[in-house]
Amino acid sequence: MIEVRRLVKTFGLKPVLRGLDFDVAPGEFVALLGPNGAGKTTFLRILASLSRPTMGEVRLSGYRLPGQAAAVRSILGVVSHQPLLYGDLTGEENLRFYGRLYNVPSLEARLTDVLRMVGLAARRRDLVRQYSRGMQQRLAIGRAVLHDPEIMLFDEPHTGLDQEASQMLDEVLRQVAARGRTVVMTSHDLLRSAELATRVDVLSRGVIAASYPRATLEPAALPALYREVIRGG
Amino acid sequence: MEPMPRGLKVLNAVTGVLFVIALYLVWFYAPREAVMGEVQRVFYFHVAAGWVGALAFIVAVVAGIAYLRRGDHRWDRVGLASVEIGIVFTLINILSGSIWARPVWNTWWTWDPRLVTATVMELVYIAYVMLRQGIEDPERRARYGAIYAIVGFISVPLTFLSIRIFRTIHPVVIGSGDPTAQGAFDMTPKMLTAFMFSLLTFTFVYATLLWHRLRLEALNERVERRKIELTAGGA
Amino acid sequence: MAAESALPARRPSFVQAVAAVVWKDLAAEFRSRELLGGMLVFALLVVLIFNFALELDVRTRSTVTAGVLWVTFAFAGTLGLNRSMASEKDRGCLDGLLLAPVDRSAIYFGKVIANLAFMLIVEAFVLPVYGLLYNVSLLHPGLLGVILLGSVGYVGVGTLLASMAVQARTRDVLLPILLFPVVLPVLVAAVKASEGFLQGLGSADILPWVNILLVYDVIFLVVAWLVYDYVVEE
């Protein structure tokens, strides 16, 4: 589903990703860990077609980025740091806008379903400006799943969420995974990653330094393993 | 420190020689103009500087388009260098025009379409530089420079056209009574020689300065790269 | 568990995408009315300042009206352009637009239409107010046509440049610096054509200006359409 070969990304003369290889089969859920500044967000933005690779090959569902990016966008759903929502519109207006951009069929019914799924049905007519951070994040997830994309990218989605919102997010993630969607999620939360993912990768110094399939991974051992990899062992 | 390439050394010499010859032609060879006197000699370098200003813009736009299509940042270097030279020479053009206008029409400024357009071109150049200065990402900086150069390049002739129509329909002018306000005079063959030679010389000056500036930028980048290599250390 | 098949991937048509962007901008603005409010107040203040700066007695008024109006529109227009792009950049919403399977130029045209709407609303407000204050009739169809053409050119280039300026640290100052040298032909032509209509001049005097406006509008809309991809990509 996702194939990355020798991906290099430099900003001016500064290299961030240095020949990264990465593979995700359909239906896999990969959690991507790594220290701050390792390039997780940069990598995700490239996968999301928001940023161009400096060198290397990136394929999503067989389509090459950046050349065939337009074809890929309709099957991509992205949740990033920022909610990507318009504060002056209501929750449902935001979803309606994005639904139109993705040409979602039966839009009204679909957005009602999604609002219910993320627990915002009661607040749908309120301005997003008035939502709490947790609610905004939930709506952002709703926006991302609205067009039922095959590939979902989450950039540290649990950041700033309280307990209740986090659990709701986990539920959404499990549902998405259960429906066979391919997911890549960056995170700082080692234990949660081990719980949700089918595979845990570690991005360090611009490459994938380690990869642990869920089957062989003992969640409790993960923190120690992670520290080892980061240190460069 | 890389030695200057031989081609550049030759170009330096040729340009130097041409400039000396041009000075001789302008000051001694060309005759004294009957009506305006010695001050008319400003005209030769005034127009030549204006020509370089326009040439620099053309080069900048071509480089901009090439950069957008190829992504090779060396085109961006050419664009930036050209704009810098263009800023200087357009300024020379405007100031020399002013110096020429004062004794001839008793005014520092005329709303002549050419002069106004040169000023607008200078403002576009300056805006280009300010746009680049505000953008941090080098790749985006290059792209935006290219786009603005294209936009500017298309608008400048339209500006000239609109001021021209403005002047022919409404010939009332602050300062001079002549709507074309160009200081008409016929050029004798000797004047023509001095004029064409000045254009040639200034073109060589442009090419020399461009080459030097590109070299400087390339060296700059090497220094930056070394800095990054050294500070990144064994990462 | 068997994977449920996803909804078939679909893309909106170009017109649908443009319409969605326009609707979104208009809806968001009518909720907050910050942009419009700012532009309107600013425009009125400019008209007021002109009253004191220039001696707008009955005679000079007729020669100076067109210029005063267009300077007002140009300055107020800058405010609107800045705000419109800033609202996308600040909450990262531009990414949301870029992620969607729509042509980049659809974003451009959507923004142009929305910005044009805002500018026309401000102009529709300023014209009668000016007319009342100075006892001048401004509801001339030719004049309205010129205002439309001029606004299209202004907003067309302005949206393109604002999309770039918003990425810079000095964004508020930068937009006028970028815009005014390049939009001069529009301002000159619009003022002269407006004057022509207000003073009842013949079409021989007015036509060249209208032509310049048309040429400018067409050329720059096309150029912006071709080039917009490069503005928004990273």
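Going by the order they are written in, the chains are A, B and C; count residues from 1 in each one.
In this section, a contact is a pair of C-beta atoms (placed from the backbone, for glycine too) under 8 Å apart; a residue touches a chain by one contact, two chains touch by 3 or more.
All figures in this text were calculated on a predicted structure; none of them were measured in a lab.
Placing every chain at the mean of its C-alpha atoms, the farthest one from chain C is found to be A. When the interfaces A-B and A-C are ranked by how many C-beta pairs touch across them, A-C comes first. Compare each chain's C-alpha centroid with the centroid of every protein C-alpha atom shown, and the nearest one belongs to C.
We define each chain's centre as the mean of its Cα atoms; on that basis chain B and chain C are separated by 32 Å. A straight line joining the Cα centres of chain A and chain B is 50 Å long. Centroids built from CA atoms put chain C at 37 Å from chain A. Residue positions of chain B with contacts to 2 or more other chains are 137. Across the assembly, chain A contributes no residue in contact with two or more other chains.
Annotation for chain C: residues touching 2 or more other chains are 234. Put simply, chain B touches chain C in their complex at residues 68, 120, 123-124, 126-127, 130-131, 133-137, 140, 143-144, 146-148, 150-152, 154-155, 158-159, 161-163, 165-166, 169.
Put simply, chain C touches chain A in their complex at residues 1-4, 6-7, 9-12, 16-17, 19-20, 23-24, 27-29, 31-32, 87, 91-93, 95-103, 233-234. By the touch criterion given at the top, residues 26-27, 45, 48-52, 70-71, 73-76, 78, 80-89, 93, 97-98, 100-105, 127, 143, 147-150, 178-181 of chain A touch chain C in their complex. Chain A meets chain B in the complex at residues 11-14, 205. Chain contact summary for the complex, chain C toward chain B: residues 157, 160-161, 164-165, 167-171, 174, 177-178, 180-185, 188-189, 192, 205, 208-209, 212, 215-216, 219-220, 223, 227, 230-231, 234.
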